[in-house]
Amino acid sequence: EKTKYDNNDVPGVVTGLAWTSVGGDILFIESSLTKGKGKLTLTGNLGEVMKESAVIALEFLKAHSDWLDLEQDVFDEKNVHIHVPEGATPKDGPSAGITMLTSLASSFSGRKVKKNLAMTGEITLRGEVLPVGGIKEKILAAKRANIKEIILCERNRKDVEEITADYVKGLKFHYVKKMKEVIDLALEKKTNKKI
Amino acid sequence: EKTKYDNNDVPGVVTGLAWTSVGGDILFIESSLTKGKGKLTLTGNLGEVMKESAVIALEFLKAHSDWLDLEQDVFDEKNVHIHVPEGATPKDGPSAGITMLTSLASSFSGRKVKKNLAMTGEITLRGEVLPVGGIKEKILAAKRANIKEIILCERNRKDVEEITADYVKGLKFHYVKKMKEVIDLALEKKTNKKI
Amino acid sequence: EKTKYDNNDVPGVVTGLAWTSVGGDILFIESSLTKGKGKLTLTGNLGEVMKESAVIALEFLKAHSDWLDLEQDVFDEKNVHIHVPEGATPKDGPSAGITMLTSLASSFSGRKVKKNLAMTGEITLRGEVLPVGGIKEKILAAKRANIKEIILCERNRKDVEEITADYVKGLKFHYVKKMKEVIDLALEKKTNKKI
Amino acid sequence: EKTKYDNNDVPGVVTGLAWTSVGGDILFIESSLTKGKGKLTLTGNLGEVMKESAVIALEFLKAHSDWLDLEQDVFDEKNVHIHVPEGATPKDGPSAGITMLTSLASSFSGRKVKKNLAMTGEITLRGEVLPVGGIKEKILAAKRANIKEIILCERNRKDVEEITADYVKGLKFHYVKKMKEVIDLALEKKTNKKI
Amino acid sequence: EKTKYDNNDVPGVVTGLAWTSVGGDILFIESSLTKGKGKLTLTGNLGEVMKESAVIALEFLKAHSDWLDLEQDVFDEKNVHIHVPEGATPKDGPSAGITMLTSLASSFSGRKVKKNLAMTGEITLRGEVLPVGGIKEKILAAKRANIKEIILCERNRKDVEEITADYVKGLKFHYVKKMKEVIDLALEKKTNKKI
Amino acid sequence: EKTKYDNNDVPGVVTGLAWTSVGGDILFIESSLTKGKGKLTLTGNLGEVMKESAVIALEFLKAHSDWLDLEQDVFDEKNVHIHVPEGATPKDGPSAGITMLTSLASSFSGRKVKKNLAMTGEITLRGEVLPVGGIKEKILAAKRANIKEIILCERNRKDVEEITADYVKGLKFHYVKKMKEVIDLALEKKTNKKI
């Protein structure tokens, strides 16, 4: 059974795109903060590479805390938990990188994620977004799940252009090169900060 | 030999529903608190995914301590132990999520769990309850064990409706979407707080 | 070569019953306390499930320290070591649970264990004793080893009643439901506290 | 798809040369510093030997902090994260040693790396650069990726001299014996220190 | 090549007896103490069961520090290192238990071990010495290595009595039941305490 | 390609002899000290037994710090890193023991190692040097690499005497029994202490 988009009405929840042996699917990346000492906890039956994406995302945010008007101390005073639901399904690979980055940026800033938005892309420590595979399958899954906008790496543009126009009708694509663009596109304007 | 429902007359004990290769069964999730520093101990021959459920449940409660009128400090001043009896049987999967959440909520609040109640459902970090498999087998096992009420995910309603009416006679079902609903349904009113 | 009962004249030493591929046998659970910080050390070539029994027993005693008139602090100021002799033989399973509980209760209280007593039963975190397998083989081994009294779970009574009367002549059985009953049956009255 | 050289306009980003079963390729070593306690984090699906290179590079810099005008304390007050992008590809071997050294030297000094420069070579704890394999494949990959200068171990000079002159036209080679030469060749002059 | 007895002229060095697939052999257990915090380090290519013997020996000495006139604090203020030479040979099993106990007792008390003495026997936490296997092979190896006295478990007496008298001529056997007997037999009288 | 002797002009660098499936070779053991808390880091693709040699060497030096006129505190105030170059080659076995001991003694004392000297031998915790295998192959490799003096265990003398005289012409052998002899033979006189 394919997952359906579900209003992300809590900060920290972001919709990603996954590509499995049985086709594309959407998945949710959830993060939450509690009082703590900077510990990162990862759950959801994640493989090593996917766990590394979370580490990169968190380290990157620490090094660029000014982008979200965060004080450096907040990273030492909170424990971070990232969960990817559907624990029965093992998950791996680097393609949830920008989704994890967005989830953490949302949790730390208290800014929610735009509705009906999904994304997929590898992240780096220098702020670049890298292309990922399975674009066609991911996009079809996004459409079925009622996604309206998708963020992809600029270098994945050619993969979208190869898809029959009908299949992508009604979808708006954002092609990005830098991780900062993802955050700016994905997060709603700040209203009342939560943490 | 199938396990029978046994009065849960101590806070922290909750009846869950399991689905194994030899059919459904009930199981108990037990938790207890001791003076400590917030360490979580898990026993009962649990697999990685089931352990993750416990981590999610605990982190979720920390982030929503107000629901149970708990002070944040309590999580730093107690060690938490979750045990699932019958150590000879390996156990895994995400379906004990709401059972673990209820067990922890019961232990931390000192409120006992309603009698003759069982439950099964995956939890997420954003507070949603997700559907799980093996519903028919779990319900038959619950009935055999003298369970009267069952909490399930709303998205498992269709699985119950496919079961011949006779098999579910005398059982009351509660379909939930949110983890808060589980806690409100499962815990008895507060009388004298224990911890 | 089968082990023989050996006067348990030191607190912390308890006789358990084991069931292996070559029949029943008795085994000794030994525990000792040293000045420390609450660390639990387990030796004797024990499998994961058997190690979990020790963790459950210790956590349970911490949560019920009043039963033995212990002060909570004692658990933070002692290191606990549990050893099961005959290191060449791997050992596993939950059935040494009540034996471990009794060993720890004896070490912490300084009360010795009754002579010629053996026991077998799984423990839970809520204080129940659960039935275990291999009852017939265990009882025959106990008799050969000169055991006079045996503590079993109430739900193992039927397994004893299936054994030819002659085989159990001279043995006294205690059937229990709760872990507190085990401690009350097994430990000698307090004389001079050791720790 | 082969990776292209991408302006390394952030300190800490260095271009290395890799040799895989499908030929040569360039790769990026990225490092970043955050407030911390001297912890080293490694991501990018790295094998044990490649992780060891990072440890050697960091220990070597600590022992030679004067080369970069660094105070010893900086190593205790920063956490270091090294990432090698393209997490889907496992990476191993000692040949990224000088690349990792350069990345760390760049991050700690705030000095950027020269443009269009790549490198490959094993490092030691006594400051020697050791030769590595796959030189021909690495050089062809570097050329395709628009690299203009390459740093190699002096003992790899013979491997370059065996390549048809045409293939290496337009490439400038720097042969080194010592790790200090790598740092002096690779880093731009200090302008404004970042950390 | 079989190992020869070598004057144990340093406290902490004890000769044990081993039984391998190619016959009996002697081995040395060495221990040394350094300023520290009670850490136990084990080297010599030891298996899990043999490592457990070291843990039991150390815990037992801590609990019976009065036997050697030691102050409890000494265990917290020293690091203990136990090494079993010939690192190329994997070693395992519980039979070095009394040898490890003696080595630690020697190091902590500063009392040397009697010359030309070897031993083999399992230890328990309650102070019993248990019998071990391979007695015939071990004794022949001891004789070849110029050992004069051997400490064994009382329950191994029958294994010695089965050996042709000629083979054991010139060897003196000490049969023990308790670990305290081993220490009293093996250590020389105190002269000048070393630690 | 065989490694050549390379002037060890930095304290902490020592030439050892290795024996692999493709014959003998020399290898370098490098150590360096940085400000720290007594942590030991090992790199160079080392197996468990080789890592144990490093632990033994360091513990032995701690226990005999007076030999090098070292204060005990230095071991708590430095981190030690030992690296064995050529990370692509897995290395194991106890025969680098005296080489590691010499490397650490050199680093801690600031005394360099004599030129054109190599060594091989297992170490123990009581200060004995044990014989090792592959002597013929190691010696031939040493000669090819321009080594002039070799330290071996006294019990390896017979292995050298079996080699045709011509092959060992120009090589000077030092046969030792004790680890202290190795240090005295290998280290140059103290000039200016480095650490």
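All chains are identified by letter, namely A, B, C, D, E and F, in their written order; residue positions are counted from 1 within each chain.
To be clear about the criterion, contacts are C-beta pairs under 8 Å (C-beta built on N, C-alpha and C of every residue); 3 or more make two chains touch, one makes a residue touch a chain.
Here the structure is a predicted model, which means the values were calculated and not measured.
Chemist: Following contacts chain by chain, what is the lowest number of steps it takes to reach subunit F starting at subunit D?
Modeler: Minimum number of steps from subunit D to subunit F: 1.
Chemist: Both subunit B and subunit C are touched by which chains?
Modeler: Output, common partners of subunit B and subunit C: nil, no chain qualifies.
Chemist: Quick one: which chains contact subunit A and subunit D both?
Modeler: Correct list: empty, since no chain touches both.
Chemist: So subunit E and subunit F: same face meeting same face, with over half the numbers shared, or different?
Modeler: different
Chemist: Select the chain at the greatest separation from subunit B, using centres from the mean of Cα atoms.
Modeler: Farthest from subunit B by mean C-alpha position: F.
Chemist: Using Cα averages as centroids, what's the distance between subunit C and subunit F in whole Å?
Modeler: Their C-alpha centroids are separated by 52 Å.
Chemist: Find the geometric centre of each of subunit B and subunit F from their Cα atoms only, then give the gap between the two centres in Å, rounded to an integer.
Modeler: Here subunit B and subunit F have centroids separated by 60 Å.
Chemist: Using mean CA coordinates as chain centres, what's the gap between subunit A and subunit B in Å?
Modeler: 30
Chemist: Please output the residue numbers of subunit F that touch at least 2 other chains, ranges allowed.
Modeler: Counting only residues that touch two or more other chains, subunit F contributes none.
Chemist: Among line, ring, star, complete and other, which one matches the pattern of chain touches?
Modeler: Topology of the interface graph: a ring, with each chain touching two neighbours.
Chemist: Once the touching pairs are worked out, the chains link into a ring; list them from subunit A, going toward subunit D first.
Modeler: Around the ring, beginning at subunit A and stepping to subunit D, we get A, D, F, E, C, B.
Chemist: Show which residues of subunit F lie in contact with subunit E when the two form their complex.
Modeler: Contacts found on subunit F: 48-49, 52-53, 55-56, 59-60, 62-63, 72, 75-76, 93-94, 97, 122, 124-128, 130.
Chemist: Could you pull out which subunit D residues touch subunit A in their complex?
Modeler: The touching residues are 6, 10, 12-13, 28, 30-35, 41, 43-45, 79, 81-83, 85-88.
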